[in-house]
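As structure tokens, here come the structures.
After this come two complexes, each holding subunit A, first together with subunit B and then together with subunit C.
This part shows the complex of A and B:
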């Protein structure tokens, strides 16, 4: 479970102070698929970065399966990120000189696994996301939708409990976006992951099971879709 | 109107009985949840088509079963069908029940208009969820027609959601303006206000 309490994030200080998040509290159950929705500048990406330990909150608490992120040191946070969280980005963030298998295997190798073993696991996940015939392709030999599939396989390969997705279809055409939406529903429904997805797109958010609307750094409403 | 003509079209494709027509219509629109038509309504419509000479009926004996009534299109039925198919279809976008609800809400004080907007948005997101998740289960190589129908529904809901955002942003302005009213018409003898003549 993710439990967020009175989360605040202020950038800068004095005259140039910007409040990105102004007291957000939210609970997310394991296995949920939650969309965080709002216009640009509403604080939704900041929220995701704080959840993933990529940034530190100015104030407030983030509880991940009962542990408070603010009580962990940097090394411990890195460990949580490497073991329990998978990230999916708008621009895929694949390494251009590595092929699909090598990109997916990377988190495992960084975690100390032998390359051979990591490659086997990477191939398993590429099969699961429908890219069984694209093992040796470099990112620039793949379509946008396929690159995002590679990125999703990479986010899942170390078997994390939580998937954090930042505008995962923001750079894709409608058809590819729909396929990625379907895949994300599998990530949650079939493979049991908890997904927190940030988007400004009503269509994309409708694939989630709950929508949290953010405006000016605060939650203004919530919709349960099932 | 359109159900009647769609039934006529289905009969024109091949003569069939009432129950078959009901099932075919429901299949065409992608399920009862999209277009709720009751079986009795189908039979009432068939009777009307018969009375107007647009279809004819005949009894066919089924092997070992009871007789069944089969409907067949007539030439005047075909003419009406062709006329319908050759004409454009009016949009009904300004017949909006939610708009009426919102205006009456603003004119009375039974419910909070922001609450009404919230409920409507929740409902639309739920519908969008249902349609989009259902779409994932359809096969684009076999069910493209239904997929396109669902796509239309989902695009319309997205437009409605955008419209709700717009209404919400301007709700205070709307409520400060008078409700659209009929134009005042003079009844009886014309009223001439003192001084009006000279001004003209």
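This part shows the complex of A and C:
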């Protein structure tokens, strides 16, 4: 379970001070698919980065399965990311010089798993996301949608409880975007992962169970879809 | 605009700019700073010129620096155009234990000027400040410079003790001359008779000095006619025996510093080439955008070239300033050591206009040449690149051509090893190093695979090995700078080891005596070696416990234009107590034949330089003209192993070189005689000969070993200087790897790579690349030193190659150390990067 309390994030200081998040509180149950929506600059990406421990909040608490992220040091947060969180980015962020299997296996290798074993698992996940015939392909040999599938497999390979997705369809054509959104719904529905997805696309948010609207760094509304 | 852009781009990557500029700074420091030292050394040499009397119209001397009959001065007395002629015996005297010392300064050597009382006053334009000039009938008197008085505290009327070839003697100071204009040796003037006695050179002089009358229209014509009259072997001008060697050393120093500087700058060039190549690739989009906005190809070329030029200018300026300051700071530190060895102070450092020009030409030229390639590549980038999506930096280049070329060269180099031709072998070694450079990218893949298979490594290492393989060209380029440095380190140490071990072997083989009695000057290898007549020899022979001895004499010699050292030996005793290692000729008959007529044994170096062989006749410039000697053997001894040298009998060295003094004795103890008692008695017999020291064979051996190590130290220093650019290159390339992979590393951090893992990954990359360079460098270095030793053997200095184990160990340590050092800044950068910022934008 994710429990966020009075989260505040300020960038800069003095006249250049920007308040990205201003007292956000939110609870996300395990197995939920939550879409965070809002206009550009409303703080939705910042919210996601704070949840993933990529940035530290200026104020407030983030509880992840009962543990407060703000009390952890950099190495401990890194381990939380490695074990419990999977990331999906808008620009895929695959390592260009690694093929699909190697990209997906990376979190497992970082966790100390033998390469051979990690590659087997990576292949399993690539099969699951529909890329069983693209193991040896390098990122530049894959389409945008396929690259994002690799990224999703990478996010899932180490069996994390939470998937944080930052505009996962923002860089895709409509058809690919629909496919990825469907895949994410499967990730939540079939494989029981908790997903927090940032998007500005209403069609994508329709795949979520709950939509949280942000504006000027604060939650302005919440809708449960099912 | 282009200037502004170039400047902004450089400022945009300060760290990389600083590192590449540093490599230029380094090369310029070596070229500019080290060469700036040459005038200081030259000045030290000028100071040690033996006769520094100015204002003389004529100084006639033998070009070997040897003495000749004083009667010959009379032949010039009636010469038309000559007003006054005066004979002089001038030489440097090493004071040994009798050195003048007080709190502030030490005088270990003095220049003795033995002058003829009547004519010298008129010939030498010097006036006394106190006291008087030498007068007829004077004996055991001296004139000194006021600087001598200042340094020693002696006063007019005091007596000073000087060593002579017949024991010590007291001389009264009767006059004080003005301070010496240059620093060098202190000058002491005495009567010609006293000087002849002091140097054991009865009736001999080393120069004829004089003044011309005012009527002489062309002084040069007169000097030339006098020289022609005196014939072969005589020179008109300043006395500068040994000057040629000094000049050669200075020239050699100049070449060495310039070559070292160029190698350092060359490495800097490689670093810049790499940096700019990557920088251009990184800026493809920017450059494309500039082209979209209307920038011409020429503008793009200019921007990149200006960047290189700015770095060249800054690097050269800092290099010149740092070289200047470094040298200024170094001179006071080096001077005491230098003075100890050469008895003259290093002069002021000076930087000629040529040196500035050289620094500027190379400091600016090499960066511009290095960035030319990347600049041309940048120029070809099309505007379309700005809108085309970025393709990841996959490096799947093929190195097939390089590999084939490298293997062919390597095969050729290997073939040269079986030819037995040293010159071919040496060229082969250079080819081999080049071949290793060519094949290095192709070795990356197999090498990393081999490591992965043979060693069970942590995952961070495996990731690092993957990174190295994927960037094989850059990894290889980085390894190549290590390769060059290590090849230099290993080959230098290989040569140093071979020299040290080889020389010690020669020493053990060619010196079979229990004791050596030799002047300090010989130990230090410098001038002022007064020697001693046969009185000392007889005195030593009478010492209780002494079984036998051999005496050695020395003179400079010349055959045509070829200068070398002439050693006078007593063949019978020399064979037993010392002995040559013969390369050609029969040892027994050679020694016997040396006693009969004009026979000569030469060493390998002389044989090579003069293309002499057994049975050849060598025409030598002797004191009385040209003399023919027959070569009866080619052999080598420890003391003279490196320089061209010849050996003749005592009789012949007396007859042809006026050399009556023994400069060294080798002594054997009687069986059963006490070492301590014999040593004590020998020391007692040397009491009146302060310039001589007694050393046991073991002490002498240790001393020689120490000397060798001191000489090697200079080589190590230069080696260290050359190793630094490879550290810069390693750090530079690693940081570029990190910069280029910022997004990738951020991604790894996002998916769970800890800072510790990032550190491990970069460190292992650095270590693997560095050690790969070290391994290739060791191969190249051993090859180079082996072939260099073969080359030395051809030159007549026969040495057995010794494997440079020390070089290997040092190289491995350097490899690991550099690997760690070079990784430090990139690690800092990688661990401190802002993950969100790095992954947020395309």
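The criterion applied here is as follows: the second predicted complex is superposed on the first by the 226 of 226 C-alpha atoms of A that agree within 3 Å, B and C clash if a C-alpha of one lies under 4 Å from a C-alpha of the other, contacts with A are read in each partner's own complex, and residues count from 1 in each chain.
Operating definition for what follows: a contact is a pair of C-beta atoms (placed from the backbone, for glycine too) under 8 Å apart; a residue touches a chain by one contact, two chains touch by 3 or more.
None of these values were measured; they are calculated from a predicted model.
Counted by residues of subunit A touched, the larger count belongs to C, out of subunit B and subunit C.
In the superposed model, A:223 lies in contact with subunit B only, and not with subunit C. By the touch criterion defined above, A:206 reaches subunit B but does not reach subunit C. Of the two partner chains placed by the overlay, neither subunit B nor subunit C lies in contact with A:18.
In the superposed pair of complexes, A:55 makes contact with subunit C only, with no contact to subunit B. In the superposition on chain A, A:75 makes contact with subunit C only, while subunit B stays out of contact range. With both structures placed on the common chain, the touch criterion links A:182 to subunit B but leaves subunit C unconnected. Of the two partner chains placed around the shared chain by superposition, subunit C is the only one that A:89 touches, whereas subunit B remains out of contact.
No residue of subunit A lies at the contact with subunit B in one complex and also at the contact with subunit C in the other. The touching residues of subunit A, when paired with subunit C in their complex, are 45, 49, 52, 54-55, 74-75, 78-79, 81-83, 86-87, 89, 91, 93-98, 102, 106-107, 109-113, 115, 138-140, 154, 158, 171. Against subunit A, in their complex, subunit B makes its touches with residues 118, 121-122, 125-126, 128-129, 132-133, 135-136, 154, 158, 161-162.
Partner subunit A is touched in their complex by these residues of subunit C: 391-395, 459, 462-463, 466-467, 470, 743-744, 747-757, 835-836, 839-842. Residues 178, 181-182, 185, 202-203, 205-209, 211, 221, 223-226 of subunit A are the ones touching subunit B in the complex.
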